[in-house]
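Think of it as A, B and C in the order they're written, each chain with its own count starting at 1.
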């Protein structure tokens, strides 16, 4: 088990280094950092001096090492657009994105799992077919459209829920949360549903397909032949076997949620890192872009690692065999 | 003639003859393959599936509408000169208070006829979508063929990159490429080149699926005897790959291409919605929806609704078509 | 004579397909007595597994029972609801399938699967159930049962796994076990062990077995009586020794003739010309008539029923007494 974790850790570090390489190349070589930082009046000599001082004339490996060193300490330079350290901008906005992602993931998981099991067990029924049909539409609906639709129905027409912003937030030891206020919670609903709907569709179809597959296996047939109750078969056996591949894919999707948050945050003017990223692209704010790239990659890599470990824990076949199978 | 003399001589003459043989055999096989595929299973399945027929009809309407947009649309919304600001905010089917003009689907804030903009916008979306998918298909096929045929570290590297890229959502990759493109290009050229960068972004974010499938087929074909025989004779490996592998991948590649098209259209719409897609002078469906969002509260619902419906219909019909195609071409279900 | 444990009367199983309705099992009748081992032998597709599945009530739709009766201990069971049939499964009728690897849920320990089955049918405490599980494992010959009860299926070898499967089938002491190709997936040496185990256990518990297989050797080794199936019908049924040594039905004769005897050299293996018809192309009359060297006019017209042919019964018009008398007399 330990060897497995160490190996995966090493792989993760390699991936992160590659990402850092790409981010660094972006950072350093796309556009001229100096020209983006100083005003028009700065003379050429002053620019040269600045260049020298910031170490921009050093060799590539040296600069790269410096970049990595800074990155590890969470320093990513100064935003071109806002003239503030990038890490500060991120720190301010990360709680918003993380809360949104977390709540929508839970929403997608609970309903996705529930609907998936339901449509698998009641496979030929009317309701199951309808749900499956709707899910196909769901896959064709881009996230931003779902958001707009929800805004129109719930904010414009019915006026029940707010259509932008986070509502009132509470500062809890450096982390601003919207979960503790009524307006915060209300503001969270529409964005979370929007962000989670795509995931929900995915999870639902996956759970359904897996469960149908599992219900066709020999061990389920044998369980029936032994006279086990439907409850024991469906929720004892079939469900556990279904969950194993579902866990992997869901975990990987978690990373996608953080990325799709970009869209949701734009639709709802949600002050998170996704919105920051879009603004960075529009204004060609390279340091923010590079930092976002590194951060997202870190999330993906960590999530992949956790999922791999989880898979290992849940499926006994992957663990080391006890010595000497009985003949 | 003794059997020893019949042994292969690696001379051009014989290679040419065998090459010719392979070609004819291939043609015969291809002919019957086409005929088999189209006359019986796929076409039959098509005729029997109302979903397939409806969705391809809808998709076709869109494509035709987009292609013939200049002829059908009452207005050219991309030409700022033809717009009249006073026409702005007209509700559908109601005459404008100032100019008296009527528009089927109303106008947006700039006086653009929504119906025309949907037609022209679909044109942009479909063009970008098709181009992006073709780009992804070509790139993916080349990489897949190379990886499959050469194997070894080339294969390992390409597949590793593919795996890593696959774990990132394509939106993110498209965004990144677009961002880099924007950063690299001088400001004046950005509007003109935006479309090309968009195509590049969509293409680069979508090659992986193609590469994987093609690589799979390459690996299967590579080990077959006739490939080894052809190699012995000295036929160029690329020739072998093109002639034998490609036809076998046609089915799955077509399925992937169709589904990728739906994804490409959605990606383009999303990027345009986010403001990092097509330039504002050439609005696509995504741009319209973004403009419309600001006016939802003030009651001009049509600016968002009609483009949204158009987008969903287009994406849905292409998706359904792709789904049906996948089931129709699936040998296990036949 | 005591009532047979299981009676199957005129069983018909149909598959509705898009084009038409096919008959997979056509008028199959047989009995299984208490404690006897009935072999059901035939080629792939002859319908042996389907018969077993129908008896235990696990026919997958669109397959359905279209006629006939299945009677267990004097009660009809073919028309019971799913819920009532479930109570019979495991408790009165058990089943063993071919592949022990896929028959066991890989994510649960062997002990958990045993205990669960025991608790479903027997009203005892979980602790007692676990004791019983260990006992069962010992009975089927798993060494160090107290430790192995917490092992996962993949930690057992093929033969041991099948023993676990047998233990699971015996959990609630069923009167009848349907064994569908129980040794086909195992090594030949292990096959013998498992068959011996099966014979011993069924003798000790008085359990009857319906042993379905395509392997005549297994039948000859294990069964008391044997039913030979062909194209969804029974061709011949009788005591094993009789059917093997003196087969009456032309198909059975062909089968037995095809088996090379030890100690004799043969130039070529005998085989029956042609092959078993597919479900959608079964000829009228006797299904074997295209390949039968003795077929005559009636064989093409009327589907034969099981007729007395001495110690066995064969579904062949050659044994129609009236006709035989008419020809000879």
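Here, contacts are C-beta pairs under 8 Å (C-beta built on N, C-alpha and C of every residue); 3 or more make two chains touch, one makes a residue touch a chain.
Note that the structure is a prediction, hence the values are computed from the model and not measured.
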Pairwise touch network: line, ring, star, complete, or other: line
Remotest chain, chain B as reference, centres from CA atoms: C
Chain centre separation in whole Å, for chain C relative to chain A (CA means): 54
Chain B and chain C: spacing of chain centres that average the CA atoms, whole Å: 55
Averaged-CA centre spacing for the pair chain B and chain A, given as whole angstrom: 26
Numbers and ranges of chain B residues touching at least 2 other chains: none
For the chain B and chain A complex, residues of the former touching the latter: 164, 167-169, 171-172, 175-176, 178-180, 182-184, 262, 266, 269-270, 273-276, 286, 289, 292-293, 296-297, 301, 304, 308, 311-312, 315-316, 319-320, 323
Of chain A, residues touching chain C in the complex: 217-219, 221-230, 232, 236-237, 240-241, 244, 314-317, 321-322, 325-327
Chain B contact footprint on chain A (complex, rising order): 15, 18, 26, 30-31, 136-137, 139-145, 148-149, 151-152, 155-156, 163, 252, 255-256, 259-260, 262-263, 266-267, 277-278, 280-282, 284, 286, 289, 293, 296, 300, 304
Complex interface listing, chain C residues touching chain A: 56, 58, 86-91, 94-95, 97, 99, 102-108, 116-117, 120-121, 142-144, 148, 151-152, 154-157, 159-160, 165, 168-169, 171-172
